[in-house]
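Below, chain A partners chain B and then partners chain C, in two separate complexes.
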Partner chain A sequence: MALDFDRSIIGSEFDRTVFAPVTKDAIQEYAAASGEPGANEVTAPPTFVVRLRGHRWMPENMPNLGRVGFDAGKDIEFGVPVRVGDVLTAVSTVHDIYEKTGRTGSMVFVVLRTVVTNQREDEVAVIDQKMMFR
Partner chain B sequence: MILDLHTHSDASEDSRAPVETYMKWLVRKRDVLPIDGIVLTEHRQWDPHADYRHLEDKYGMLILRGAEVETDYGHVLVYGVNDDITRHFDFTDVRLPAQELIPAVARMGGLAVPCHPGRPTIGLCEHYAHKPPIAGVVAVEALNGGSRRGENERVQELIAHYGYHAVGGSDSHLVSFIGICATQFADEIRSVEDLVIALERGRYQPVDFRERLKKEA
Partner chain C sequence: MATRFADVDVGHDLHTLTLTLSGDEVKRYAVAARMPGGRFMSDDDARKEGLPGQIVPGNLSLALFSRLIAESLPDATLKKLSATFRGLVHPGQPLKIHGVVTEKHCTDEGDRIECDLVLESQEGDRLVTGTATVQFPARR
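And now, the complex of A and B:
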């Protein structure tokens, strides 16, 4: 029998956060901390988007998938660059939940997708955060 | 002809390898990897609309499709997937009943091959230690490019005991792993139907190109 949970959670939005305008200081702090400079002092390095923290990082109605969970990595598809003054919006949804088996037994993966856009509604990044539960 | 029977492209959630990049790599490495084609065996899925004929034409290589499903006896490669098979079995189910799946796939015109049998938890050897053998198994993947030390060696005993035919596949999830292990067929294969027939006939053997690649490097 396939993994049993209410599939209506797939595609459901669980967070929408509008961030304060991006500052030059924030870009410089990120560049210094990550060692990844942007194209210039008013353009953030592409991975700047990983510093964004929404109000909620998991849905409230998340099914019980196991006792232990850990970060299983993230994929980021980059869009337009982030510049000083941009107002970024991050919208997070449950993109997928699936089960697989490996050498150590069965695992459930949750993929949380966050789409980041700017004030012009240009796509800045699509971030797929994977969590593994067992 | 030589086919890599076990490969994953970026259609699988744990691979980042585009099919076309596999083709480019194999063309570039033709001297050390004499592969005539690959079989894409994406994890727990079957896309009836996927079509790689344009890449076959462009690169002069056979690109067939199967699936890697998960069962109560470990992972199994399914060749000759068709509507009948996908109607009967939910490929997303990680506990498919292997005793039912393997004979049913054969009845419906396909062929199912247990893969990486020497692997803990998801390999046939471990399951055979405490469960009855599966009826209808024709071949097992004796050579898997992703196996750890000792895992491929465990399979030889299984083959000797049950008389299974042996295939090889890279289990590639990365471009540079494609074709490192494969299967050499005595028969000519031009379609997935040919592949199923050839697998049933048993005129093939696993081939390992890893040493050749090391020497080239």
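And now, the complex of A and C:
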């Protein structure tokens, strides 16, 4: 059966969070735990942006897909690096919802896009979080 | 170690990382990355969520891919990173993370390469696959 939902949800913003300034401690804690080089005392390693948690991780009006959800993957496009003192803003939208049929049956994919910018409105990262429902 | 665009050809193998994450290391990452969920904290908490035991967050697999790129191509900058989570990764499981250069491009923005990345178990199961786009400094 074809996936049926109100497509007006695609592109809709469901969260906008402004975070407290990035601290040296947060960068050092993340770098030490991830083992990811490329950082120093004032610059975060690239994947630091995944630790940003907005107020909502899913839209309130998300269609009921009636299935169990799994984290299927993530794509990150990196802009300017995160530095100590940056005030980051994350804006999340529903980027896409689509259905695929594989060997094990049908699956629905929900792609949530989060665009992260700094206080100068430079783009820091575009993060596509892919959730699979089956 | 490849440090220049000219040193890297299609088919060039990146370094191979071999490691086994401990449960404490996974928990430490989950806390640092602000990842809620007992599944990342301990076997007991993960079982309460219906999982066989503590699991490694997908974001840590992304960080391992980033580490592989940084150690293999230290002068290059990571521009894009993608990962597909194909299976559960557990602490205590020996892991091999490796990659290969698949494309080279000279673009207006700089010299770039594309890489395929794999995180696999000792048994050769491809638990996480990914791609990376990496940019080299402008040639002088």
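Keep this in mind: the second predicted complex is superposed on the first by the 130 of 134 C-alpha atoms of A that agree within 3 Å, B and C clash if a C-alpha of one lies under 4 Å from a C-alpha of the other, contacts with A are read in each partner's own complex, and residues count from 1 in each chain.
As a convention for this text, a contact is a pair of C-beta atoms (placed from the backbone, for glycine too) under 8 Å apart; a residue touches a chain by one contact, two chains touch by 3 or more.
Because the structure is predicted, anything quoted here is derived from the model rather than measured.
Placing chain B and chain C on a common chain A by superposition gives a fit, with no clash between them.
Using the contact criterion defined above for the overlaid structures, shared-chain residue A:Y30 touches chain C, although it does not reach chain B.
Within the superposed three-chain model, A:E99 lies in touch with chain B and out of touch with chain C [touch as defined at top].
Legend: residue contacts after superposition of the two complexes on their common chain; A:F19 is shown touching neither chain B nor chain C.
Of the two partner chains placed by superposition, only chain C is touched by A:P45; chain B is not.
In the overlay built on the shared chain, the residue A:K74 is in contact with chain C alone; chain B does not reach it.
Among chain B and chain C, the chain that touches a larger number of residues in chain A is C.
In the superposed model, A:F5 lies in contact with neither chain B nor chain C. Once both structures are overlaid on their shared chain A, chain B and chain C have a minimum Cα-Cα separation of 5 Å. No residue of chain A is contacted both by chain B in one complex and by chain C in the other.
Residues 29-30, 32-38, 45-47, 50-51, 53, 70-78 of chain A touch chain C in their complex. Within the complex, the chain B residues that touch chain A are 13, 43-44, 70, 75, 90, 92-95, 119-122. Chain A meets chain B in the complex at residues 1-3, 96, 98-106, 109. If you check the complex, the residues on chain C that touch chain A are 25, 28-29, 31-35, 58-60, 62-64, 66-67, 70-71, 77-85.
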